[in-house]
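Presented sequentially are two complexes of subunit A, the first with subunit B as partner and the second with subunit C.
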Partner chain A sequence: MSTEAPTQRYRVDPHARFRVMDDEGIFVLQDAGEVLVVNEVGAFIVEQLKAERSLDEMVTAITERYAVDTERAHADATSLLDELLRAGAITQS
Partner chain B sequence: MSALTIEFAGCRYRFAGLNPEQADLARSRFEALLCRDDARPDVQVDVHYSPNPAGFMRRPVGPVGYRVAVEHGEDSIAVAGIGFTSRVERAPLRAQMQTCLSDEWFLGAFENLFRVVASYRLFGEGALVLHSAAFTDGTRGFLFCGRSGAGKSTLCGLAAELELGILSDELNAVRYSEGSFELCAMPFAGDFGGAPRPHPPYPLTGLLGLSHSAAPLVHGCSKAEAVSRIVASCPYINADPLLVDELTARAAMLVERVPLRVLSFAKDTRFWSVLDHEYRSPHATLSR
Partner chain C sequence: MSFSDTVKRAWNDNRLMSVLLELTYACNLDCSFCYNDLSLGGQRLSLSQYRELLDDLASLGVLNLSLTGGEPLAHPHFFEIATHARSLGFVIRLKTNGHAVRGAVARRIREEVDPFLVEVSVHGATAATHDRQTRVPGSFERLVANIRTMKSLGLRVKANSVLTRWNEDEIEDLLALYDELDVAFQIDPEVKPRDDGDQSTLAIEASSEGQARYRRALEACAKRDVTVTEAPSPATARKAIMASTDKHCGAGSNNIAVDPYGRVLPCVQWRVPVGNLHEQRVTAIWAASGTLDEIRETTKAARRKLESFGDAGLVSNFCPGAAHTYSGDPLAIYPPAEQRMVVSGRARVRLTVV
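And then the complex of A and B:
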């Protein structure tokens, strides 16, 4: 399961629901009856993937919004995406 | 065949088609909550007994902990557990239960289906049913949500030492009534608790998550964490694709009105002095 391809796009898994609350985000994973919380940056990344942005586009958006360099933004994004893929909250499209 | 009607949290559940052994088992367990059988039920469950165990989940050998299998369909919910299957129709809410059990195992099947049916009924009435522990000091109601291993039964044991009134260490309901939220006991218990008995609703004073620490402490959490803790604690409904959005919206409304906080506690009764202080009403403080 790789998230390294810069043009890779993702989507919220059909069995998951995502909602933003006070900047943070919540995934409800219906199949497992589990809930995941992501922080403000995580919620921003999920909003980017919902807008069908590629990994590269997400990284650019993160650097524009937050005071981080590209390397850090890429590391944070791939780390979160891997975690969400493992949890079944998102899928690669 | 006989029937019995069980009432709690303002809803009546009628179980019909019980054979004498099944009726005796259910009656002995829920005796304190039985109501007149001619009372109009809110939900009817028809029980169909067939002694042939083929086609049912088998009884295990030795101690067992298992989850009931639930599958959500458009019009109905399929439920299966040891020795029974059921179809729960969404609207109007009613259930058909097929079972091969008539001995003490029947009570487990009965309660497992009853949990699902009651959760749907109460959700339909605007309530949330939470996997939780709850107790009262007689005037204030405290609810602690959390899944298995969170410390719910431990906390109930400690609360009992303090002679606080235990509602349930497994499932409790929260509903909105006349401008505030109230806490309703449900007649299901985990490791802690005896036969169900009637409880009045209590004002929901404290809504808490649980964690462990060396010393008792109550701290806040973000709205997202609060909602996630509530949603994660609502069995059956949080896995229902037709209801999960409504559940999340209701959980958000609840934590807007009754902020969820997290109680960190050790296995001793010091937690109560912290809770009692944190949730003392402003009026009571001023009057001192």
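And then the complex of A and C:
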């Protein structure tokens, strides 16, 4: 999973749709017919993965944008990525 | 955080979330109660204008995009428009009569458009009833076959039907057909006037006995726990939203429609142009249309008016757009809404007596 692959890259699942609306992100999981809402930081992380950034690069971007240390940013990012992988919103590329 | 919170904010903050594009009024069927105003004229939007429109809608953060008509597949550039929409990440709903969605076309839709939902029109449970409405012999058999094809390709299909005097006697069979085809469904109990106000379509409104039979059939269906697709659209969150907004609906607040001639409308049912894409880009219309502001205020006035009727107003299923089509006044209670309010009143009296 994401915690074991710092250079791993991700992408939005081809059958999922993602939009940033104001300060949050909305996934529509087309196959499951479900909607998943992520907060501002989550939306930022998804934008990073859409830009084909690796986990390490995402963590760096998070620490530059938000007042968090690397350890916290890594933990939050991996937690979200794991959740999105489980939900089928993203895939490992 | 929930999706209904997001939609709630979209209603309250005028955040455009859902757009419906009527690509063309051309159609390969000839439904007797088609609501399109076929006398409308004007310059059709070009493919480059559709691309620009879709780019603008993506930049506005629009999530849901419905492609409809007429028959959307009758548009000569349907696949170019739809695949561009897909590339921009819209959640696409295709509203079609289903007649042309077979073989290679169905596969192209699955592979190139990848819609969230394909909505097809089913007018009856038998070929005689369906074909009477479409006025194309064989259309029922072909539609049923096409639905099976779509399902086999992994497309999510929903059947849209309108309760009429012609199909009210076979409502149970219609529900059984949805069940057998394994499709979600929505039945509109109300035949609408045409968009130009022509009310001749109302001649096939369901009878009061038919309406009662329809309600009983739906209740029996609900008891069997039939699965209905919960689409991630504003409609799914309506109840939660209504509790925290002062508007009756999202017309012009989080959704708009665009007709084939570039007229931008607050909703597909509310046919008052708030701008035209031949004159302005949608971003400019959305930001500064005075008519759009008036529409938003009217939805607030509609909410206040319906609340003054108490529970009856809540169950009236009132639509300001339909009201405008009936009488030119978006706040005037029109016959079917009034009828629902009366029925609701009778139900309350009966409960009180019991």
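Here, the second predicted complex is superposed on the first by the 90 of 93 C-alpha atoms of A that agree within 3 Å, B and C clash if a C-alpha of one lies under 4 Å from a C-alpha of the other, contacts with A are read in each partner's own complex, and residues count from 1 in each chain.
The rule is short, and it goes like this: a residue touches a chain if its C-beta (ideal position, glycine included) is under 8 Å from a C-beta of that chain, and two chains touch if they have at least 3 such contacts.
Everything quoted here is computed from the prediction, not taken from an experiment.
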> Overlaying the two complexes on subunit A, which is it for subunit B and subunit C: clash or fit?
Replying inline: clash
>> Applying the document's definition of touch, where does A:Ile26 land relative to subunit B and subunit C: first, second, both, or neither?
In response: both
>> With both complexes superposed on chain A, which partner does A:Phe18 reach: first (subunit B), second (subunit C), both or neither?
In response: second
>> Let me test your reading of the model: by the given contact rule, A:Val35 touches which partner, first (subunit B), second (subunit C), both or neither?
In response: both
> Following superposition on the C-alpha atoms of chain A, which segment of subunit C from the set 44-52, 80-88, 152-160 or 278-286 overlaps subunit B?
Replying inline: 152-160
> Which subunit A residues are contacted by subunit C in one complex and by subunit B in the other?
Replying inline: 15, 17, 19, 21-22, 24, 26, 28, 30, 33-35, 37
>> Which residues of subunit C touch subunit A once you look at their complex with the stated criterion?
In response: 1-3, 5-6, 9-10, 13, 15, 17, 61-63, 89-91, 114, 116, 156, 229-232
> Which bits of subunit A are touching subunit C when the two form their complex?
Replying inline: 14-15, 17-22, 24, 26, 28, 30, 33-35, 37-39
> Taking the complex as given, what residues does subunit A use to touch subunit B?
Replying inline: 15, 17, 19, 21-22, 24-26, 28, 30-37
>> For the complex, give me every residue of subunit B touching subunit A.
In response: 222-225, 227-229, 231-232, 235, 238-241, 244-245, 248, 252
